[in-house]
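Chains: A, B, C, D and E, in written order; residue numbering restarts at 1 for each.
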Amino acid sequence: MDFGYPVLTSLIVFPLVAAAGLFLIKSPQVARAYTLGASILELILGLPLLSFQFNADFQFVEKAHWVPQWGLEYALGVDGISYLMVLLTLAILPLCVMCSWTYISKRVKEFHFCLLFMTSACVGVFAALDFVLFYVFWEAMLIPMYLLIAVWGGDQRRYASLKFFLFTLAGSTLLLAAIVAFRITGGTFSIPELMQVNFSFRFQYWAFLAMALAFAIKVPMFPFHTWLPAAHVQAPSAGSVILAAVLLKMGTYGFLRFCLPLTPEASVYFAPLMIAVSIASILYGGAIALGQSDVKKLVAYSSVAHMGFVTLGIFLFNLRGVEGALFQMLNHGIITGALFMMIGAVYERSHSRAIADNMGLGKYLPAFMGFWGLYALASFGFPGTNGFVGEMLVFVAAFQESYYIGALLVPGALLGAAYMFRVSLKMAWGRPGTAKGWRDLNSREWTYLLIPAVFVLYIGLAPKVFFNIIDPSVEKLVGDLKARTSATQTAQAQPAPAAVVAAAVETPAEPVNN
Amino acid sequence: MVFSWLHFAIILFLLGGLLFAGGPLILSYLVAPRARGGDMGMPYECGMRPYGGAWTSFGINYYVYAMLFLAFDVDVLYLFPVATAYRFTEGWLPFLEMVIFLTVLALAIIYFWAKGVFTWPRKIS
Amino acid sequence: MSPLVLYQLVALILLLAGLFGITQRKTLVGMLICVELMLNGAGLSIVAAAQLTPANAVLGQLGTLFVMGLAAAEATLVLAIIVVIARRFGSTKTSVVSTLKG
Amino acid sequence: MPAELIRILVGLVAVAVSVGLIGLVMVWVERKVAGHIQRRPGPYEVGPNGLLQPLADALKLVGKQLFMPDKADPILFWLAPVLSFLPVLLLFLPLPVGDGLYALDINLGLLLILAFSGLAVLSLLLGGWASNNKYGLLGAARAVAQSVAYEIPLLLSVLAVSFVAGSLDLAQVVKGQGAWPWNWNIMTQPLAFLIYIVSALGETNRAPFDLPEAESELTAGFHTEYSGMGFGLFFLAEYANMVVVCSVATALFLGGWQGPVLPGPVWFVLKVSLLMLLLVFFRWTYPRVRFDQLLNINWKWLLPLAVLNLLGTSFFVKLAQFTEVRW
Amino acid sequence: MEFNPILIVPELYQLLLIVALFCQSLGDGSDTPPAERWLPFFAGFGVFVSIVSWGAEGLIFGGAYKLDALSQFFKVAIAAGFYVAVLNAARQPSLEERKRPDYFMFLGISAWGLMILSSAVELITIYIALEISSYSLYAVIPLRNSGGVGHKGAAEAGIKYILFGAVATAIALYGFSYILASQHTSYIDQLAQRSWHWSGQPMAVVGLSLFLGGMFYKLALFPFHFWCPDVYQGSSNETAGFVATLPKLGAVVVLIRLAALLKPGLEITTLLAVLGALSMTYGNLCALAQRDLKRLLGFSSVAHAGYMMVGLVSGTAMGLSATAFYALAYVAMNLLCFWVVSRVASDGRNLTLDDLNGLYKRAPGLAFALGVGAFALVGLPPTMGFMGKFFLITSAWDHGYNWLVITLVLNSAIAIYYYLSLVRHAYTHDAGDDAPVPDNSPFSVCGAGILAAVVLVFGLVPGGLFDFAIRAGKQLLP
C-alpha cells in the first residue's frame, strides 16, 4: 500500500508542525479556526487508513532505524486492535476544538497547542510497533494532558493535575523497567517479534505485574481509579473528552497489545484477579456514580464502571469477550466523550456542574436534552445504540465463561441504567433553576454533538463492518493465547479464589510441565 | 630504610636543642627571684594601663601576605627536585619546562601586583 | 608488624584526628588546620607506600610533593575565603557562619 | 659503637659548644663594632677589653626573674623561646666545615636547613601572640609577614646555585667550586648572592630589616614581655641563625672551605666571620626601613629578580651543557 | 610516543583563552572590550576546535595523558558546557564589573582542568587535574556580592565547598596510598590488570573505594553530597550553573575510567551500587521539601549522581557509554534549568518556587524552556533525560544489579513531584507582587530555546550522539 507518503508518520508529525505554526498566530479566534482546519486536514491525511485490509497483519507499516546501538526502531503500524483507536483519536480532535470554541477564553494558542501535541502522541501510542517508541509516546502524552488540566481546569486543578500526573507516571516507570527486561530477555524491542518469543513463567510473572500496574492505573481499575474523578471534574471539556475517549483506552489497549500476547501464561494466571478487580470496578463505579450530585463526576465514575467491562472482556480470554472489550473501548470513547462535551456545553450556560443547577432542561433546551437522552441510553447499553453491542458481547462472554461472573455483571448493568436515568430525569424534568433564559444548542454545538450521535447509531445498528475490522486480529490474539497456554491451562486447574489472593503476594513456582 | 642515621641525628639534635634551651630556663627558674604582686603581671604598654586585651583581630593585610607566601613557597618547593636533576637532563625540553613554570610564577607576581596586593594600605582595616 | 603498617597507622591516626577535628572544631581556622592534618596523613601514607613496596619510589615522592603543594594552595584559598568571611560575617566561628539551611 | 654514632655525637657536642661560643663572641663583637662605629669604645670593663662582658650578661640573664604577664597563655609563652632555639643545633648538622668535616653527610642538607629554619618564624609568632601584649602581637605579625616574604627570594637564590651545582648537598656544592675567588659561585651568581644576603637579613630580622623589634615603634616587638632567660634564648637563637645563614652563604657562594694555602676549616671560619662582620656593619650603618618599604622591596624587586635570575641560570646551565663550557 | 601539540589543541586553545583573560584582568578594563563581550565568540570557537580534534589518539606525557574517544567526547562536552556557562554568566548582576575578567578566567581554568582530567589516566595526574578545576571554582563562589542569600551566603558556600572538598581530597589521597601500597602502580591501564577482589586485595579495595570518594565529592554522591545544596544556594545563579554541570562531567569521566577496572559482583561495584541507590533516594526525598530553587536543583543533582552509578556498575561497554551519555544529558538539562533560573532572577536573587509563579505570562519562552528542563530531569520522553535514563536501565538490567535499576525507576517516580512543581508554579499559579522581572531579551529567550531544542532533539534522535559515547565505552571495555 503506497499512498505516496508515510501515512502514520504524517499523522504524528502533522499535528506537531501545525502546533508549531500556532505560535505565528496572534488572534485567539484565528487560532481556533486554524486548529480546526488543521484537525480536519489531519483527518484528510488519515483517509488512506480507510483502505485497511481485513486481516490480522500489521498494516501501513513503516520502519526506520532510530537508535541502532540499542536496537531501537522507529516502527509504526496498525492492526485491527489499534486501527479503530487511531481513527477514534483522529475523530475526537475536531470535536474537541469545536467544543472548546467558547469554553476556553484564556491562553487559546497554548490550549490548542496542547491539543495538537496530544493528538500526535496518542496516534503514536496506538501506532507504535516498537516498545520504546510506544513508551515515548505514552509518556509524552502526559505533558499536554497535565497542562490541559492544570492550566485550564477548575478550582482544584492543581491538585487534580498533580494527582493525575503522579499516578500515571508512577505506574509507567515500572513499565519502563518491564520494557527493558523484555529487551534483555527477548532480545528486541520490536513488538511483533517479541510476540513470537516464549518467556519463562517466572519472567512473565514479574513482567505482567509491572505492566499491569501501569495499565491498570491508566484504565483505571478499581483501587487505582481515584485520580480519574478528580481529573475529569477539573479538566476543561476538551480535556475530559480526550481523557475519556483516548487516554483511558491506552490502558486497555496496553493489556491487549502487551499483556496478553507477551505474557500469556501470566495473564491466565492473573486472570481471576483481574476479573475480580474488573467486577469490583463495575460495581464500585456504578454505586458511587449513583450517589453523585455533580454531573461530571457521575460520568467520570461511570467511566470507571465502563472500563471495568472492558478489562473484564479482555481477561475472559474468549473471542466474544475481547471483541466486546474492543467495542466497549470504542463506544465508551464516543459516548463518554459526547457526554463530557454536553456537560461542557451546559456548563457554559449554568456555570455549574451540579445536577441541581442544571434541571428542567427538557423544556428550555429540547435539542440538548434529546442528544443527552440518546447518549445516556447508549451509555447504559440500550439496544440499538452502540453501547448495547459492546456490553452485550461482554455479557455473552461472561456467561460463556462462568455464570457467577455473568451474574455479578447484572447488577453492574442495572446500576448503569439507574444512575443514568436518575441524572437524565432530573435534568430533563426537574424544577428549572436559571435555565429559563438559556439558548438552545447553536449550530456549532449541533455539529459536534451530531457527529458522535451518527456513530452511536451506526455502530449500534450495523456493527458488521467493525466486526470485520477487529475480528481477524482478535481471533489471532485469542488463538495465540489459547495455543500458548493450553499446556498450562490443563496443568493448572482454575485457581480457587484464595489462590487469587495468594498469587498476588507470593511468587509461584514454575508450573509443573512448563 | 625505616629508620636511618639521619632520623637518629635529627632527633638527637632536636633533643640537644631542647636541652640547650631548656637548661638555662630551668636554671633560671631555680635561681631567679620570684617576686609577686603590684602591677608586675600587667602587660607592658610604656607605663599606660592596657586598654582591653591584645587578642583581637587586626590588620587583614598580614593574612594576605601569609597567603601569598603559601602560594609562592609551594611553587618554589617544586623546584628543589628539579634542581638536583636539571644539570643532568638532556635537550632543551627541560629548559622549556622551566620557562613555563617560572612564567606561571611570574604571572602570579604580575597578577598580585596589578591587583594592588603589594600596596600597603594607608588605613589598615 | 611491617614498617609499612607502622607508617600507615601513623597516617591513619593523622587522618582520623583531622576528621575528628573537622567535626569538632568551632572555628574555621581550626577546621583548616584539621584538613591540613588529614592531607599530611595522606602524604605520609603515599610516600611510605611507594617507598616500602615494589612500587616506584619516585612516584610516591612526587605524589607527596604534589600533595604538599596542593595542600598549601588549598590552605591559601581557605585563608582567602576566611578573610572574606571575616569581613562579611565579622566572625569566623562555625556557629555564626551557618546561614544556609533548607 | 658504629662510626656514624660517634660522628653524630661528636658533632652534637661540637655544635653545641660552638653555638654557645658564637653567641658569646658575637655579642661582644657586635657591641664592639657598634661602639667603634659610633666613636665610642664599647664594653671594656669586664675582662680584657670587655671580652668577658657577654659572659657576665649571660649570668645576669640567668639570675633574672622569669616574668610572664597575668593574662598570657602560659604554655605557649614559655614554649616560644624553647621553640626558637630547638632547631638551631639541627641547622648545623649538614654544614661542611671542611673537606669531610661535617656531622653527617646528607644529600639534601640544604633542604634540611631551609626546612628547619622555617620553624623560627613560628616561635616569633607564638611568643608575640602568647604574651597578650599589643606590641608583642604587632611585632609577631610583622615578623611573620617579613620572614615569609623574604623566604621566597631566599629559596630562589639558593635554587639558582643548586641548579648550577646540580645538587642539594652542601658538600657537593662546595666541591663544585674552586679554591680561588674566580672559581666561586659568586662570580657566576652575583645577583643570587645579593638577593641571598638581603633576604637573609630579612629572614633573621636583622637591621635594617628589624621591623619586628623596632624599638621606636613597638618597644621590643614580639619579645616585649620577655625578660631574663626567655629573652636570652631569642637572642641566642638569632645569632645562631645568623651564623647558619652566613655559613650557607659561604658554602654556596664563597667556595666553602676551599681556599689556597690554608687548611679548609680555617678558610671556612674566616669567610663566615667576614660575612658576619658584614651583617654587623649593615646593622649599624643603615637606617631602618619602613614596613611597607620592607615588603615592597621583597615583592616588587627581590622576587621578580630572583625569578629572572633563576630563569637565566637554567638557560645558561643548558647553554653550558651544549657548548661544553665548564663553569 | 612522540609528543605532538596537535593532539592537545583543545587544551591549548583553552589555555590561550585563559591567558587572554589573564591579561585583561590586569588592566582596569577601560579600553578593551569587556570580557563578557568577546569571550563567548571565542568560547564558541573552542567548541569547534574540540570537535575538530575529535579523532586525536595517543598516549603522551609519559603515559599519564591519554587521548582517546572517551576523552575527546568529554572535551567536546566540556567545551560546549563552558560556552554555555560563559554565555549564561555574561550578564551576571551579582558580580562587580571589574571582577569579570577574573571571574571568567577562573571559569576557564576550571574547564581547562576538567579537559585535562578527561585525558588523565594516571591517578596523580587525575588528582592534580581535579584540583586545578576545583580550586578555581572555590575561588569563584564567594565573588557574589548581592542578591538572595547575598555576599554572606556566598562566602559561606565557598568555605563549605572548599573545606569539605579538602576533606574529600585527603580521603581520596589516602585511598590512593593504599592502591599504591597494594597494586604498586598508579597507571590505570596497569591497574586494570590487577585483581580487585576483597579476598585477595582488601587494601586495594579499600583504597579504590576511598579514591572514588574524591570523585563522589565532585559528583555529589550520597555520603559526599552535603556541600551541594548549600553551595548552589550560596553562590550566584550563574556560578551555580557552572558548578552544577561541568565538574560532574570531570568526575564522571574519571569514574568511567575507574569503573572499567571493575566487574559486577566485586565488593566495590556493590558499594557503588548501594551508594547510588542511597544517593538517588536521599536526594529525591530531600528535594521534595525544598522551596529554594537552587537547593532543589542541588538535591536533584545528588539524585542524578545516583542515577549515573547505574551504568557504572554494569561492567559493560554499553553501561559506560550510557553513563557518558547520561552525564552529557544531565549537563544539558541542568544548563537549561540554570539558564532559565539565571534569566528569571535578573536581579541576581535566589529564586524560590513562588518566584516562578506566573512565569508563563511574564516570560512564556523561559517558562517553556523550564518546562522542558524539568520534564527532562524527570526523565520524560521525548527528552535527553529519558533517553539517558533508558540507556542506563537497559545497560544495567541483568548484570546483577536489577534491584538498583528498580530503585532508579521508583526514584524517578518520586522525583516527579518536585520537578513537576517547577512547571506547576510556572504555569498554574499567578504571579505575586514581588516577583522578579525576568529577562525577556532575544538573547535570553533564544539561548533557552536553543538549549531546550538540544535537550529535545537529542532526546528524539540520540543515535548520532550516542555513537560517540559508544566508541568511548568500547575503547575501555572491548
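Note that a residue touches a chain if its C-beta (ideal position, glycine included) is under 8 Å from a C-beta of that chain, and two chains touch if they have at least 3 such contacts.
Quantities reported herein were computed from a predicted structural model and do not represent experimental measurements.
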item: Smallest number of contact steps required from chain B to reach chain C; value: 1
item: Chains touching both chain C and chain D; value: B
item: Top chain pair, ranked by number of contacting C-beta pairs; value: B-D
item: Chain occupying the middle, per Cα centroid; value: E
item: Approximate Å spacing (C-alpha centroids) for the pair chain A, chain B; value: 79
item: Between chain E and chain A, distance of the C-alpha-averaged centres to the nearest whole Å; value: 42
item: Between chain C and chain A, distance of the C-alpha-averaged centres to the nearest whole Å; value: 63
item: Centroid distance [mean C-alpha coordinates] between chain E and chain C, Å; value: 25
item: Multi-chain contact sites of chain C, meaning residues that touch two or more partners; value: 52, 62, 73, 80, 82
item: Chains that touch, pairwise; value: A-E, B-C, B-D, B-E, C-E
item: Of all residues in chain C, those that touch chain E in their complex; value: 4, 8, 11, 15, 18-19, 22, 28, 31-32, 35, 38-39, 41-43, 45-46, 48-50, 52-56, 59-60, 62-63, 66-67, 70-71, 73-74, 77-78, 80-82, 84-85, 88-89, 97-100, 102
item: Chain A to chain E touching residues, read off their complex; value: 65-70, 107, 110, 132, 135-137, 139-140, 142-143, 146-147, 150-151, 157-158, 161-162, 165-166, 169-170, 173-174, 176-177, 180-181, 183-185
item: Chain B contact footprint on chain C (complex, rising order); value: 3, 6, 51-52, 61-62, 65, 68-69, 72-73, 75-76, 79-80, 82-83, 86-87
item: Chain B residues touching chain D - in the complex, by the definition given at the top; value: 5-6, 8-10, 12-14, 16-18, 20-22, 24-25, 27-29, 31-35, 40-46, 50, 53-55, 58-59, 61-62, 65-66, 68-69, 72-73, 76, 79-80, 82-88, 92, 94-95, 98-99, 102, 105-106, 109, 112-113, 118, 120
item: Residues of chain E touching chain B in the complex; value: 22, 25-27
